[in-house]
Amino acid sequence: MSLLGGGIFKGMAVTLRNFVGSYFYKDRLTTNDYSWRPSDKLPQHAGEYPKEEGEQLRDTTTVTNYSRNFPMLLHDGSEPMDTIRCVACQICERECPPQCIYIEKSTEKKENAGGKPQFYPAKFDIDVSVCMSCQICVEVCPFDAIVMNSQFELSTPDRFGGLLLRRDDLLKSNDYYHNIHPEEAAARDKRIAEEKAAKEAKKKAAAEAARKKAEEKAKADAEASEGTPDIQEDAE
Amino acid sequence: MSSATAIAPNYELIQQDGLETSLLEVSMGPHHPSTHGVFRMDVKLDGETVVDLQPVFGYLHRNHEKLAENMSYLGSMPFTDRLDYFNSMTNNWAYALAAEKLVEIEVPERADYLRVIMAELTRLVNHVSLVGFFINDLGALGTPLLYAFREREKILDLFEQASGARMMCNYFRFGGLRNDVPEGWLDRARDVVDHFPVFLDEYEQLLCENEIILSRTQGVGCLSRDLAISAGITGPMLRASGVNYDIRKVDKYSIYDRFQFRVPYTDGNVGDCYDRFMVRMLEMRESIRILKQALDGIGDGPVLGNAPKVFKPKPAEVYGRVEAPKGELGFYLIADGTPKPYRYRVRPPSLINLTVLRDMCLGQKVADAVIILGSIDIVLGEVDR
Amino acid sequence: MTLHHYLILAALLFCIGLMGAFTRRNAIVVLFSVEIMLNAANLNLIAFWRYGDNPALQHGPLFTLFAIAVAAAEVAVGLALVIAVYRHFRSVDLEVMDTLKEE
Amino acid sequence: MSLELIRDILVATVPLLLIFPTLFAFTTWLERKALARIQNRIGPNKVGVPLTRYGGRFSLFGLGQPMADGIKMLFKENIVPRDADRLFHLLAPILALIPAMLVLCFLPIDFPWINNIQDSVKAFMLDGAVIFFFAITGLNTLAVFMAGWASRNKYSLLGGMRAIAQMVSYEIPLVLSAVIVVMMVGSLNAAEIANAQAGWNWFIFTPWGLAAFIIFFIAALAETNRSPFDLPEAESEIIAGYFTEYSGFKFALFFLGEYIAMFAISGLAVTLFLGGGAGPGVAALPWLSVIWFLVKIFALIAVMIWLRGTLPRLRVDQLMGFAWKFLLPLSILNIFIAGSALHLLAGGRLAGLDEKQPILRQLMEGANPLVVAGLWIGALLILYVAANGLNQLSRAKVRPREYKYAE
Amino acid sequence: MSEQIAFWILSAIAVLGALVAVRKRNLIHGVFALMIFFAALSGLFLLLLAEFIAAVQILVYIGAVGILLLFAIMLTERVAGDDGRRMTSRGWFWGLVVAAAVFVVLLLPAIQQWPTPEVTQAPDPSVEELGHKLMNPYVMTLEVLALLLTAALIGAVTAAQGMRKPKEEGSPE
């Protein structure tokens, strides 16, 4: 027969151990003491958390390669609208589960970073009050034009206008992307380069094969296959 | 003066001299500190004793099934996170399993291992926080809950590193996983898994012998084996009532046949809240065993096969199910040849386990009703869908 | 303060109790009234002890003590009766309880 | 009424009204901090005086938190339910505070400043202080009921009913365990009881005193609605019980009343069992006794906080069963043990004792150490066996269970 | 002087409390008024130097009787405790007359010796003496009282019980 009330005393020993332990072993604590931080130095991005004296170093709430918040549009060069990757194909708009993306295609084509004339989004709005950060738009995008941002401090007193991100708010440079998701961005760039190389090789081969038949026609074919996303093959 | 129409067999209100005690009707919920979400119980009390109980739900109904029927197969993957928002990984898995059956996609081995690891981590998260909530419902001032949340936090950090989100992971894809885990993740996971038993020992020391917990939970909310089977109860709750049924063992889906693990269950004598609590405590140990084996056995390779993102399956019917921490979670899909499912149906363990709430609560005290609800382990996202 | 102050106060309280017992129909209020009367009597006892000839004998407090104990018993039984009556008649109205009255 | 009398009344009462509410503020901070640490959190640490615009704050472990809480409470909206009994809704928190504050007067704390005031003001050092203490703490029940009833809320009413049942039941073991001390001292006067324990003659150092202290402490937990007996305000069951419908300053008053009641009942426990103000150094510096008294009170409160951080709460029927089937028989048995030990020791000497001195101490003086050891072991053994037996009796019959594993 | 102020205040409270308790329609308010009356009476006992009785008055009347009354009201009337029916009985007028007559009769002997001399000797308020008295000459009374209380307890329980059939053996609570 166990001691009367023994279980209670055992439990009290555990809580006492935790009480004392919380003063000596920082890894017992779950919370960070950031009360010393002035309010204008509070973190804005997921990656900006701790790593200063008095905060837990074990805390893993840091930026990871896959941390995601709301989408952003990538552009390659310095002038956003000249180098925007998006061609307004509207696949993301169609696939977005909560349907928070609204795109209006431009009426005329414009040269993109690669120097090809392409459509571009005349309007690209994301309602982040609806967006649920699922990253489906990123996955279905055949042009790697949309990726996830990790900025989370979006609170605003303007409930409707402030939370509707316009195209120009969404445009971020590829360098910024490398900055917040280095590993993911590097992998993506590598894949794009590989695909491009493969495409170029294919194009070269196709061009060579076509030159034997008819030059003009082959050229037209290559352009068409480039303009059509891979995804549509899958969707068959 | 309302009369108690339906009264549990072990509780008799004898009317003598024309006197009946006036019953107190209390609407517990949908905003009550212990109703686990927006759940309401219309309780009729005779003093402190529950004479009738009517569960009312639907406050969190979001049209999940119909939404999915108007969306491509991939599109409803993030919505499955929101079913049982504690265990998004297993929700994803069940849906992925169903869709993979539908379009016959192979899953790479590394992806399977990672899926097992994620699912078992999810089980740890669910059980540990459930026990915390359960003890909180018993009236402890959050201490076990916060210990549980500290451990949960470590696992959620792992999830965040892998998938970018802590709760709405949205990590599984048809044919594998969305992305591979980052470098060093497996070591961190191993570290967490190695330290978990230390915490469990402390937790057991804090809870399992506490006389108050014993007296509060033993003999309370008994669920008989027969009722459990005929009501379709699954998961730890069924095993606590003495039925050895675990889909991991029955279906051997994915690569569960490669691991050595045991399924704890009771002899079915009692099936009370204490049994449900203990079965979960024991299950956590087994999950750790699986995790250790999986972390040791995982190899290199791709995590996503050559599966298409958007597809049009041939007309077919499939049912994919996994052993979610709360019980059998199944997805039933009917494809009609379009990119959208013709019918999309979820078999949520929470809802079906909840159906026996009334049978378990009648004749108990109002405080027991709270802990019985806690021991069922419901998440309203899944109940209401 | 003299003895008479207390005696008059006690008489007044007693009569308030009496009035309640006579005029109210509710059995529980009648019980209140009885209590008030008992307390008025207790006040008298203590006052007589305080202003009496031989306070050292402690008769007043002792008597009051016994009276309080008896009153407590009386309340317990009285309330039990009220509840029993309520159960029977579904009312605590004293005028309903007239089954022994000749019609 | 002379000016002097008024001055003396103020001297006697105002310090109490200042010291204990201040201690209350400190205790809320202590409780939050200790609970946080038990739960591996940090607890309040932010409120303080900012030194510069960018960081730097004189926060002193968040000691400003109670003040911030108080200000917050003061400015919150006072919400009264539409159907509530407005008068009683207002009176209940006040009534909850009054008895708690009142009984503080009965504690034999020897504040240095009350030594030179008139005797008539010291009237609260009553002959029957202990019995008055119990009488007046019992009034708390009424406030709780008033709050529960006046709120017109079913949860409040359930909480009020629970509170009444609980307080009435636990008052009995509380009083019965205090009776042991009264028996040993032969007086109901708190100051005399404290004096009888001067030096290290604390009653907790006797077997029956120890048992009575444990019973008293458990019953005190129930009287003050502390965990694991916090059923009247069980958050997970009945929201907040009787103060569900209270907000703002009324809520704060309830809170204050509850903590003051904690101080009062701990103070009584200190008086009865832990030697009052006795402690090292009191002989040399008399004012130290006040410090010792408060230190002992805080030691008890620390245990209360510790229990609160550890234990879940009982169910309502178990709570009543615990009082009536466990604590009550044990405390009665304890009285019997103390009484028979007294007779065993006394033999024929009982008539020759000085009535003005603690009876038991006179008997124990010069007693054989073997006899003392025998008494200790015997008394505690009997009590332990009885407790175990009662526990077995009152425990619900549970069928044995077994956990199996399927491979 | 202070004693007189206290007396007048306390007696005013007592009379008001008693009146409200007797006349109030809302029973719960009535009980609380009754308790105020008890408390004022306890103060009067203190004024008369019977401090033990004052403590017992609070303990028994407010702590026990009051609570018991509250419970009885909760059990009989609806939660509100409002007794909405006609509150006075049919013969209320004669009741009033009789009460007033009794008051006059009680008052007569007191008025006859109107100015009474102030009392000189103050009794010894010691509780110890009371305890000795209880143990020495009145021990038999005490025992009989204990018996009476036990009998009342049992009687009250049996009178109020009978709502439920005794539970069968082994059936869960």
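Per-chain numbering from 1; labels A, B, C, D and E assigned in written order.
Assume contacts are C-beta pairs under 8 Å (C-beta built on N, C-alpha and C of every residue); 3 or more make two chains touch, one makes a residue touch a chain.
Keep in mind it's a predicted model, so treat the numbers as computed, not measured.
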Smallest count of steps, each to a touching chain, taking chain C to chain D: 2
Geometric centre: closest chain by C-alpha means: D
Furthest chain, CA centroid comparison against chain D: A
Busiest interface, counted in C-beta pairs: C-E
Per Cα centroids, the chain farthest from chain E: A
Centre-to-centre distance between chain D and chain A (centres being mean Cα positions), rounded to whole Å: 59
Intercentroid distance (Cα basis), chain C paired with chain B, Å: 63
Chain A and chain C, separation of their C-alpha mean positions in angstrom: 83
Chain A and chain B, separation of their C-alpha mean positions in angstrom: 31
Junction residues of chain C, two or more chains touched: 87
Chain E residues counted as touching two or more neighbouring chains: 52, 56, 64, 71, 163, 172
Residues of chain A whose C-beta touches two or more other chains: 8, 11, 14-15, 18, 28, 30
Chain C-facing residues of chain E, complex: 3-4, 7, 11, 14-15, 18-19, 21-23, 27, 30-31, 34, 37-38, 41, 44-45, 47-50, 52-53, 56-57, 60-61, 64-65, 68-69, 71-73, 75-77, 83, 85-92, 94-96, 98-100, 102-103, 106-107, 110, 113-114, 116-119, 121-124, 129-130, 133-134, 138, 141, 145, 148-149, 151-153, 155-157, 159-160, 163
Residues on chain D engaged by chain E in the complex (per definition of touch): 1, 5, 85, 88, 126-128, 131-132, 134-136, 138-139, 141-142, 145-146, 149, 157, 161, 164, 168, 171, 186-188, 317, 396-397
Residue numbers on chain D that touch chain B, as the complex places them: 35, 38-41, 154-155, 157-158, 162, 227-228, 230-231, 234-239, 308-318, 395-407
Chain A partner contacts - residues on chain D that touch it in the complex: 34, 37-42, 45-46, 53-57, 59, 306-307, 309-311, 384, 387-388, 391
Chain A residues touching chain D - in the complex, by the definition given at the top: 1, 4, 8, 11-12, 14-16, 18-19, 21-23, 28-31, 33, 35-38, 40-41
